[in-house]
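Sharing a structure here in structure tokens format.
Lettered A, B, C and D in written order, each chain numbered from 1.
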Amino acid sequence: MRLGPLIAQALEIIVALAAAPLFLGWVNQCRAWLANRSAPSILLPYHNIRKLFHKDAVIAENASALFRIAPYIVFGTMVLAAGIIPSLAGRLPLVVAADAIALVGLFATARVFLSLAAMDVGTAFGTLGARREMMVGFLAEPALLMVIFVASLISATTALPAISAHLAAERLGIDPSLAFTAVAFTLVLLAENARIPVDNPATHLELTMIHEAMLLEYSARHLALMEWASALRLFNYACIGFALFVPWGIAARDIGPLGLSLAVPVLALKLAAAGGGLAVIETVSAKLRVMRAPEFLATAFLFAVLGLLVHVLLGGA
Amino acid sequence: MTHVPFNQQLLNVCAALLLLLSFAMLSQRRIVSLVNLFAVQGVVLTAATLLIAWRTGEGHLYFSALLTLALKVAFLPWLLHRLIRRLGVYWDTEPLLNISGTMLTGILIVVFAFGLAQPITHLASTSMRNAIGIAVAVVLLAFLMMITRRKAMSQVVGFLSMENGLFFGAMSATYGMPMVVELGVALDVLVAVLVLGVFFFQIREQFDSLDLHHLERLSERQ
Amino acid sequence: MIASLPSPLTDCLALVAAWLAIGVAGLARPRSVRYAGRALFVLGALVGLGLAAAAAWALVSGVTETRVLPLGLPELPFHLRLDALSSVFLLLLGAAAAGVSLFSAGYFRDSEGVAPGLLCLQYHVFLASMGLVLLADDAYAYMVGWELMALSSYFLVTTQHRIAEIRRAGFIYLLMAHLGALAILLSFGILQGGSWQFTFDAMRAAHVSPAWATGAFLLALLGFGAKAGLVPLHVWLPEAHPAAPSPVSALLSGVMLKTAVYGMLRVTFDLLGHPLWWWGLVPLAMGLFTALYGVVFAAVQTDMKRLLAYSSIENVGLIFIGIGLGIVFFGVGMPALAALALLATLYHSLNHAAMKSLLFLGTGSVLHATGQRNLGRLGGLIHRMPWVAALTLIGALALAGLPPLNGFVSEWLLLQSFLFADEIPRAFVNLLLPLGAAVVALCAALAAYVMVKFYGVIFLGQPRESSLAHAHDCGLLERLGLGWLAAVCLTLGLAPVQVISALAPVTRQLTGSAAPQGAAWWLLAPVPGRAVSYAPLVFLLAGAAIVVLTVLLVRLFYHQRIRRTRPWDCGFGEVSPRMQDTAEGFGQPIRNIFQSFFAIERELPTPFDAAPRYRIVISDRIWRALYEPVADWVRRLADALAVLQQGRISAYLLYSFATLVILLAVVLAT
Amino acid sequence: MMELPFLLGFPAVGAITLAFWGARRHAPEINAAFSLGTFAAACALALRVIAHGPELLWREQFFIDPFNVFLVALTAFVGLTTSLFSRPYMRVEVVHQRVTLGRLRLYHSMYQLFMLTMLTALTTNNMGLLWVAMEGATLSTVLLVTLYRTPQSLEAGWKYFILCGVGIAQALFGTILLYFAAEKVLGAQGVTALLWTHLDAVKSQLEPAVLALAFVFLLVGYGTKVGLAPLHNWLPDAHAEGPTPISAVLSGLLLNVALYAVVRCKILVEGSLHSSLPSRMLMGFGLLSVVLGAFFLFRQRDIKRLFAYSSIEHMGLATFAFGLSGPVATFAALLHMTVHSLTKSAIFFTVGHAAQKAGSQLMEDIRGLITLSPTVGWGLMLGSLAILGLPPFGVFASEFLILTTAMREQPWSIPILLLALGVAFAAIFGRVQPMVFGDSEARRLPHAPALLPVFAHLAIVLVLGIYIPPYLAEWYRAAAHLIGGP
């Protein structure tokens, strides 16, 4: 295998690792601005991670090995996902490892391990968080799959790079089915990344928290990995969104220095815009009661299915 | 109207008598006279057999006439009378279907029987083909009697007169069955009545009555 | 003929016979656990391995042989046949049986209620009868094997016959099995098409009119569906599986359900030959409903074996979805896609055999160690029984359909084949089928939910009962059994390309078109010419590499100091086991979302209860809606008829009289 | 040709001997010995017929052909095993003081007499003698049904006597009509005119109208003894109230022989009618019996009544199969007669022991046989499963053939059959399971149960399910060919 793609692959992963916390910071900053608060430093997530890595790990006595392995696995899956999703370039070595469906499976793996780890210590909040996380998951996952289905039906493939390449090649027109799925995807993204209105990353209020509840027993480096992983997850979802709905600017054909050097700034732009948009949504919408989350996700599912139907109807006609 | 030979007329008279008798049995409620009627039936049957024997000159018919006389006129009635005395059952209770109703049904049955006998009658070469219909009628009437009676005893008499009907049928259709069969049938009837005798005593000692409503326990209506 | 030189068929036959022999040998010393309960079962496991090997060889060498045994009916001796289809399922049978028997050798004690020898007999007759079902090439041999399978497994299910529920479960099981068998029998009766030959060859040759063929197909679907547990014919399954001893549950769920799949494929694609495309919609619809129904019920169960039983129903649903898709594709003339769908079916059958057996055996170990089947009284066993916990985790993750394990592969294939549904040249169908994909996706996600509940509540958290402290890990033989099945799961997960190329002859036999070949030995692609791929090996290696790298970096740069304290739990004081979610609690979201599925009766505590208690009974609507009315109807009819026989002799005489008169009238009339 | 004299001689002599010695200590053994002799003679006869084909004997009054010789062998065999079973059973009854020694004598002598009538009915060539023997069978068993002299047994006996007597009277009239029709062809007063072989030879010339009527009477007559609904009402009572060995032979033998008579008549009538009227009648009766039997099964509480109704159902099935009247169906019907009589008598053996142990025939009193005495428990369980038509037992083989044939020939009948079979399965199995499984508090018996007969029967049925020996198959084929049908 030639060296170029490998380097590109490595570059993509590194960019992801580096950019993920930054993106999170950016979103928080935008939210602060929109809320007329003085924004924290955009680098705050880095500081957090660094700080956590230096602390002593405190673990419950009855925690099993699973509890300690889980952070690494979750982190690993997220990094792998970052390597597969064409954020900078398609046609990368890792791409063959998994198509879009496998990618969804990858996220599911992360979620399952996260939940298992949360149940391991056997505290009230851990199990509660795990349950809620799985609930959100089993509703979000099909919606995400439907979104991908529509894209794959349009481009006759389930390989993400191929999809985005195909979509990018298409004439720039508004495709109604894609529009529906875009909405669905946004909702899924909010839910999966524990953002308002499904969850609130900023609070530890028992009754409402989902994602945070699962991390309660973690500390130090394990917590750091978990935080980093969730930042990566947000980043990954954003990149999937880009690949599906604004696929332009990804170095589809040539993964030489030129293409990449062109792709990086484009990605930065997209991230900035997405972060802004995300912040806006989070600011204007209110946190839902946990039991309302299913309805929220059902809407997402509905949108995705509508997109599917629209596609088949118009495509069939 | 063609001329009918004398003994032929006699035979027809016998047939008519048999029919009359079974109607009489159908309406009779006194068990003693029921048995008597049965005996008379036997007499008529014997007469008919003798007539046929005389006419056809079939040797074995004389024998079966004898058999009939011995069994159905002498032995069975005697046995039944004895049982009646020993068991003290003289009256049958009100039949399930009242007399007039029974009679009406009987008439219908006779009509049906004649209709039934048509194909046979056409074929029969015997001199008394018309009697076949009567034989069937006798059988079915006996059947009806068994259905409508409530006392074991009268049911048995019905059973026996049914056998009479069969015998008469055999006579009128085919001048009787082969000897070996005749004997077998007679034997069976004999044994049957003996068994019945045993039966009556068993039933009596259990229920001290021969009323059939004691014998209605085994059913699916739990 | 073939008998002279050794042949795969002869080998398989000999091995199946060997099972029978082992079973009979069990009666020699029925009371001895070491002989009948241990040695013979190990022997049986070896036979299973042998069978798997022979079948695999037959599959690879691609032989198709037939032979006739001097048994059976005079006109219809036992015909046997070994072809690609049967050898795949024989492989499944052998491999699964090997693991289960190995486990059983360590599992069965004489506390099972029946003498070990008898158990050994029933167990091995069960295995042998399944072998006969897979080998049979005529209706009679097939039905003999089929019913024998039901019978032997019935005795196994009712091993603990002193418990009334178990007797009831056994009764329902055998009743459903028998009714199903009757349906299959009639289907064969149609298939022989007037040629009084009941050999499958004759049925292949026979020409059946479309109407009759449809009848045969529906009857077969009824019969095999009843065995496989398609909703609404599933009622026996969640009763029988928990009732049986765990190894038997493993066989029932892992292998026996697959014989129904085998039968369905055999009848539809082999004997009927040319299925009409719309037939496929029936199993497809039933499958979709079954899958959703099963997984939703699994999510709310509190008995771990019932949970697995319902999850089996779900998987059967997925399998039949594949069959339905295959029929549709084949019917509209897309053999390649039909091959893909059937491939998903076959692959999922193999997967489910491995993972569900594994999980049931796991529950068996838990049951022996704790004596508890109720999830509400388990927990924290990962500390007490690490082996079982570790091996079961593999099964659970596989069943949850997570890459890179095997469950995901078949799910992936199924979704891929759904992706082509829009090319079907039938209006509406191509519109509706993609919605099926949505249901499949939902089921897959719910399966993950169920598995997290299953594993988390049993093995993680704190023990909910003090008695669990004495739980012990399973013995060596049991570990071997579990390990073997786990290994099978991993292999199926990591080497899909090889498995698929091995399955190619089957799809070629069924649809005339080969299954998709991998682009490379490590790369899986559903159909040639599509830029789609899944490479579990790369996937796993890359993932592992990243994880290891992370671990190393962390070890390299940061200190390893760790303090152990009590759980923090957001600052609550004492953390008691009762604070954890119970099984009911974990199922609660599902219960709310899918309320319409269940017939729920609740007993909620009021705020003023001195000793507040919470009880909830979730039962199957279908049972009340479908089966109880039928039973009532039969009972009422019987009561009505009973009037006929009211004990009066005159009435009886009247019957005779009436019969006589009526018949005479009939004769006169004609 | 010495087999036949022995075949009929053994039971005849036995009946007389036991009439005097029947109460002695070794009477049961004597009984068994005579039955053994009969069985030996039957086997010799069977072998001879297989070797030399059909034979006529004693001025053509007796006739052995494949059809009846296999029933002869079956009858003799079941007679033997039943006598073996009744050894401990009746001894226990004596100990329990349900029968006096006098009645024991009656029982033994009548048992032999019953065998005699059965064998005569099977082997005779004379339709008249057939009738005589059938009536004789009723008479010899009616006093056995009332052996216990309980009110119920007397009632059962009375119904048995009257209903069968009346029925058989109809059969006599049918025979007369047959004779009447035959006379036209075979010449007046021909002693040969009632010989089946001659009738069979000229059956195509017999007058259809008469034979149609004759068949109705014969069918109603012998059908009553077969237990065809709605003429079956005597059957459950007689089975339930008599001693179990008698229930076994009634179910296992009498019904078969009666059906044999019906089929003999059907052959003649169909030959003359050239229409499928008789077949349709048989099918109608068969279906009705199957359905009614199945539904009555549902309400039973008495175990012997339960299996009596199952006999009705199975006889109905066999009759239905004869009505289908293809070579396959007839084959299946014969096979069904065989396996049913073997299985059902085996079941009655186990039922007898079970009821004695529990001291009651009510099913709710019989529990946990498998814990009390595993052999009886397993016998009952396996027997019931066999009778329910589960492979590898022979009943499945016959039902397989019957159902698949009916599926093609008479599709309309299939739903009815399925309903009935399903109901029967649920009814019988749902009651047998709790009797066999679970715990029990029943007592031990003074005499060990005789289980050899049970498992001998089940073994044979099992073998017939997976392997029908060629000569037996030949036998069935020959019989099926003989019965033929249009």
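The working rule: contacts are C-beta pairs under 8 Å (C-beta built on N, C-alpha and C of every residue); 3 or more make two chains touch, one makes a residue touch a chain.
A quick note: this is a predicted structure, and the numbers were derived from the prediction, not measured.
*Asks:* Suppose chain centres are the mean of their C-alpha atoms. Which chain sits farthest from chain D?
*Replies:* A
*Asks:* Find the geometric centre of each of chain B and chain D from their Cα atoms only, then give the gap between the two centres in Å, rounded to an integer.
*Replies:* 31
*Asks:* Rounded to a whole Å, what is the gap between the Cα centroids of chain C and chain D?
*Replies:* Comparing mean C-alpha positions, chain D is 44 Å from chain C.
*Asks:* Calculate how many whole Å lie between the centre of chain A and the centre of chain D, each centre taken as the average of the chain's C-alpha atoms.
*Replies:* Spacing between the chain centres: roughly 79 Å.
*Asks:* Roughly how far is chain A from chain C, going centre to centre by Cα mean, in whole Å?
*Replies:* For chain A versus chain C, the centre distance works out to 36 Å.
*Asks:* Which residues does chain D have that touch at least 2 chains other than itself?
*Replies:* Residues 158-159, 162, 166, 213, 296, 299 of chain D touch two or more partner chains.
*Asks:* Would you mind listing the residues of chain A that make contact with two or more other chains?
*Replies:* Correct list: empty.
*Asks:* Which parts of chain B, given as residue numbers and ranges, touch two or more other chains?
*Replies:* Chain B, residues with two or more chain partners: 116, 143, 146, 155, 215-218, 220.
*Asks:* If we use the touch criterion from the header, which chain pairs count as touching?
*Replies:* Per the contact definition above, the touching pairs are A-C, B-C, B-D, C-D.
*Asks:* Once bound in the complex, which stretches of chain B touch chain D?
*Replies:* 58, 116, 119-120, 123-125, 136, 139, 143, 146, 152, 155, 159, 162-163, 166, 169-170, 173-175, 177-178, 180-181, 184-185, 187-188, 191-192, 195-196, 198-199, 202-203, 206-207, 214-218, 220, 222
*Asks:* Tell me, which parts of chain C touch chain B in their complex?
*Replies:* Checking each residue of chain C against chain B gives 642-650, 653-654, 656-657, 660-661, 664, 668.
*Asks:* Touching chain A in the complex: which residues of chain C?
*Replies:* Contacts found on chain C: 379-380, 382-383, 393, 397, 400-403, 408, 411-412, 415-416, 419, 422, 427, 430-431, 434-435, 437-438, 441-442, 444-446, 448-449, 451-453, 455-457, 460-462, 523, 530-535, 538-539, 542-544, 546-547, 550-551, 554, 557-559, 561-570, 572, 575, 577, 579-581, 585-586, 588-590, 592-593.
*Asks:* Please name which positions on chain C make contact with chain D in the complex.
*Replies:* 70-75, 139-140, 143-144, 147-148, 150-151, 158, 161-162, 164, 167, 170-171, 174-175, 178-179, 182, 185-186, 188-190, 192, 194, 196, 198, 634-635, 637-639, 641-642, 644-645, 649, 652-653, 655-656, 659-660, 663-664, 667, 670
*Asks:* Give every residue of chain B touching chain C within the complex, in rising order.
*Replies:* Going through chain B, the ones touching chain C are 96, 112, 115-116, 140, 143-144, 146-150, 155, 212, 215-221.
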